[in-house]
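You will see chain A twice below: alongside chain B first, and alongside chain C after that.
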Partner chain A sequence: MLKLTRYILYDIVRSKIVIAYTLFLLTVSFSMFRMEENSGKALLSLLNIILIVLPLISLVFSTIHYYNSYEFIELMLSQPMSRTRIIIAEYAGVTVSLLAAFLIGAGIPVLIFSPTDTGITMILTGLALTMIFTSLAFAVSVKARDKARGIGSVLLVWFYFALIYDGLILLILFGFSDYPLEKVTLALSFLNPLDLGRIFIMLKMDVSALMGYTGALYKDFFGSTAGMALVTSVMLLWIIIPVWVAVRYFKKKDL
Partner chain B sequence: MKRRITILLFLLSAYNCYSRTITTSPAVSIKKAIASAKDGDTIIITKGLYKEGNIIIQKTITIIGQSNPVLDGDNKYEIFTVSGNNITIKGISFQYSGYSAMNDYASIKVIDANNVTIENNTIINAYFAIHLSNTSYAVVRNNTIKGSPKSEQLTGNGIHLWKSNHALIENNHIQGHRDGIYFEFVTFTTVRNNFSELNIRYGIHFMFSNDDVYQSNTFKNNGAGVAVMYSNKVTMQGNHFEQNWGPSAYGILLKDISDSYISGNTFFKNTVALHLEGTSRIEINKNIFKENGWAVKIQASCNDNNFHENNFIQNSFDVGTNGSLVLNNFDNNYWDKYEGYDMNKDGKGDIPYHPVSMYSMISEQNPSTLILLRSFIVSLLDKAEKAIPSLTPENLADTKPSIKAFTL
Partner chain C sequence: MIRIEHISKRFKKLRALDDINAIFNSGQVVSLIGPNGSGKTTLIKSILGMIKADSGKIFVNNIQINGDPSYRSNIGYMPQIGRYPDNMKIGQLFTMMKDIRNAKDRVLDEELLKKYELEKIFEKPMRTLSGGTRQKVSAALAFLFNPDILILDEPTAGLDPLSSEILKEKIIAEKKKNKLILITSHILSDLEEFTTHVMYMQEGKLIFLKEAETLQEETGEIKISKAIARIMKGEQPGNNWIDKVFHVSAGDKII
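After this line comes the complex of A and B, so read on.
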């Protein structure tokens, strides 16, 4: 399986898209840190990249890669290898390449210019989100029939997590503003990895504002060991469940 | 006649000679020493533990502690009750003064006194630590006050002044009381270089106190920061307000204040750095607002306040307000969120900056929406609001936002 992953990695690096992504991140983060007077503002821009661009790239790139290597997968299937191994090797190859791209493109600038708590939290969140959205992309693309449908659905997934979900939460918060909603929003934030990552970073970045109202509750929760353990396991679930779904469909799929 | 003058002179000199020094030790009680003392005497309290209940001082004497004597109130008594003129208390440790729901027991209570000096004392576990009422020209300097806070009802204030004037409070370190420093009906007083932290309510609390100055103090991590209420002509300069966190915690809470100055202060990591309610004619300039939740919350009931040359850096929200009426001036500040340009290179942005973001209005109405801060939908809403303002007050704007941060 490792061998297969290695071939996939070679293939990805040769296609140069990941290299372009790395360079894009590098340029953007370097120029942000150089341009802004205070690194806090640059981190803020980086936060937007992590919450918007990173999931989009992870989703679209993984989907395109899956459909492009369809023939390669078929070839592999003719070999004496289990389907589970093949799809996991594919997932590992894509994830590792995207993780490396993010670490080089955003991690290095952050470590150089702002090796603070906030910076490190951002990098960790970015890595987790990369794994989560690649895994979601695999679940969707294995299920979708062709490339067009796959990319379409993946865009919808991105749209949902980045925009629609928060809109719905906003609606709920206003619709039920007479009720205590702290615990409900906390539970709801577990259902969107982007929200989870964002709150995680916010607890470092906007702690003063958050301490105002319901924030104290979040701070207590995320600050405690139990809370951290829960968040980490929920993040892990967000990685594992979609991959598991992908494996299940791939095993039964008539290729 | 000559003889009479000689006698008079002799008597006078004898009177002067009579300014004695009385030394006490735990064996010789302080009460006795005070009883035998005359005006002008000095009492030296030597090292040891003294448990003498309430000690009343009504003579013009100086009481000095030598190598840190400890006066214990047994959790029952007020330790020193001071009344009179020109009294000095220096270098003594006080501990466990009593608690009472009826009286404001204090470690050192000063009533009806002039020119009292309280210096270099250490006061721990007191109900009230230093309590001054109806005093003039008191000096409270270099004291260390440390309480063990229980609840607002069971803990008194660190330094409490009531109906006093011309006092000087400086270089004190106060922690763990209800209010670090409390002023009520106090005028012409200076509060300087004090450090007030971890108090359960306010670091400093002003009520009905006019013409006071407080400068270069640090207020850190107090339950609710600093409150200045119902006063006028207060000058606040060069203070640090740090890490006052909580649902109703403010760097400074201003309520019904007028004709005051707030300048050269640093506000760092407070939930709300500056909260203004019913205030008028206040000059707020050359302050630094950094990494606060809200840098300024200004209620619509404020008028004629001027914000100039302040730096607003990395605050989650710059300005929050609760209405559309704006009678205050925000010109010529530096806002790190400003996205405009400066075509004529005069150092001022050419398009006005609106420091109230839509989301700060929304979270004012519905605080739990704060959890969506920094999400994509919220930035979209903010951008839309910037293009077509509907919720935010349109004339709350800085028409000359500075392009560069002021060097403060």
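After this line comes the complex of A and C, so read on.
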């Protein structure tokens, strides 16, 4: 498996897309910290960009990579190599390269300019989100019939998590504004890892004071050990379940 | 060595394989023949586990194939359309295949690699290869690990006469080593020199599987290609023709 992953990684690095992504993150991070005097504010701006760009890149890049690896996958399938091993190796290759890109592109600048609790939380969240969205991309790509459909579906996934979901939450909030909804929105945030990540970091930033009662409730929840454990498990599930779905589909697929 | 029991496969409405039964043993060269779209490649890919049959069982060396990929280390496969990672160079491809197969403890058969002078073009990326050269790479890979079973899907298509001759000689040499060779081709004259058994398929059904000698007797044709051509045209095969489909019953022994 490690051998396979090594060949996949080698192929990815040579394609230069991941390098471009790293450079993009580096540029954005450094310019944010340069422009803002206050490193907390810079971190917040950076966070907002990352929450949009990271899922998009992870989704689209993973999908393109999967379809471009079709020949490689086919070749490996004719060898004494199990399907599970092949698809997991592909996932590992893509994830490791994207994680490295994020660590270098955003992790290093954050550690230089804002080596705080908040900074580290943001790096960890970014890493988790990278794994989650790569995992989602694999589940979608393995199922989709061709590259165009794959990319289309994955863009829909991105739209949903980055835009539509927030709209739905707002609708619920307005529609039921007479009821106390804090607990409901908290529970709903488990359905969107992006939201979960955002809340998680915001609380560390202490902007939660601005959020009034809701902020206090969230802070209580995320501050407790049980809350932390729950959030971590939910994030892990967001990584594991789509990969598991991808493996299951892949095992049944005709190639 | 290979035993196929009641294999069926549908692609949507199309019956690509319809209750196929067959036994292939070592020392045989089975020519798999049939019109375009009759299911030859589908059958071959089912044996390799690249296509998952809807029902039926396939045994390779008495072990049913399901999941465990190790049986494929005994099979050399030359696909009808050899697809390889575009950016990989020929040399890298061979290095990689040896590496992932842990080839150190195996005797490598590099005869075709040498005869086709592939080492001279080791630096060429796969994407720049002509169709015939690609075919040579596929052939060299199929024989490389000295497998007991060779499955060749239209191996001579696209090869120049000289290269085609080299491949045929190689097939004859491997036949002498008591291997099982399963080969498809539309160039019937190519099969003449080494065929021991003819398997004829049409619209996903096995029409017959016979020894070449039997076929010659029954049709009264000395040349196998002529005999098959007559059957393909739908002519009365001859007075001696026995219209019996080869049947595998549970008790049949395979060597």
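By our rule, the second predicted complex is superposed on the first by the 250 of 255 C-alpha atoms of A that agree within 3 Å, B and C clash if a C-alpha of one lies under 4 Å from a C-alpha of the other, contacts with A are read in each partner's own complex, and residues count from 1 in each chain.
Assume a residue touches a chain if its C-beta (ideal position, glycine included) is under 8 Å from a C-beta of that chain, and two chains touch if they have at least 3 such contacts.
Treat the numbers as computed from the prediction; the structure is a model and nothing was measured.
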item	value
Fit or clash between chain C and chain B when superposed on chain A	fit
Included angle at chain A between vectors to chain C and chain B, based on C-alpha centres and rounded to the nearest 10 degrees	170
First (chain B), second (chain C), both or neither touched by A:P80	second
Which of chain B and chain C A:L51 touches, first, second, both or neither	first
First (chain B), second (chain C), both or neither touched by A:D195	first
First (chain B), second (chain C), both or neither touched by A:T225	neither
Touched partner set for A:D166, first chain B, second chain C, both or neither	first
Residue contacts on chain A - larger count, chain B or chain C	B
Which of chain B and chain C A:S177 touches, first, second, both or neither	first
Lowest inter-chain C-alpha distance for chain C and chain B in the superposed arrangement, angstrom	38
Parts of chain A lying in touch with chain C, wherever the complex brings them together	3-4, 7, 11, 14-15, 69-72, 74-83, 252-255
Chain A-facing residues of chain C, complex	45, 48-52, 67-73, 75, 77, 79, 83-88, 96-97, 99-101
Contacting residues of chain A [partner chain B, same complex]	37-38, 40-41, 44, 47-48, 51-52, 162-163, 166-167, 169-170, 173-174, 177, 181-182, 185, 189, 194-195, 198-199, 201-202, 205-216, 218
Residues of chain B that touch chain A when the two form their complex	245-247, 249, 269-272, 291-294, 313-314, 316-317, 336, 366-380, 405
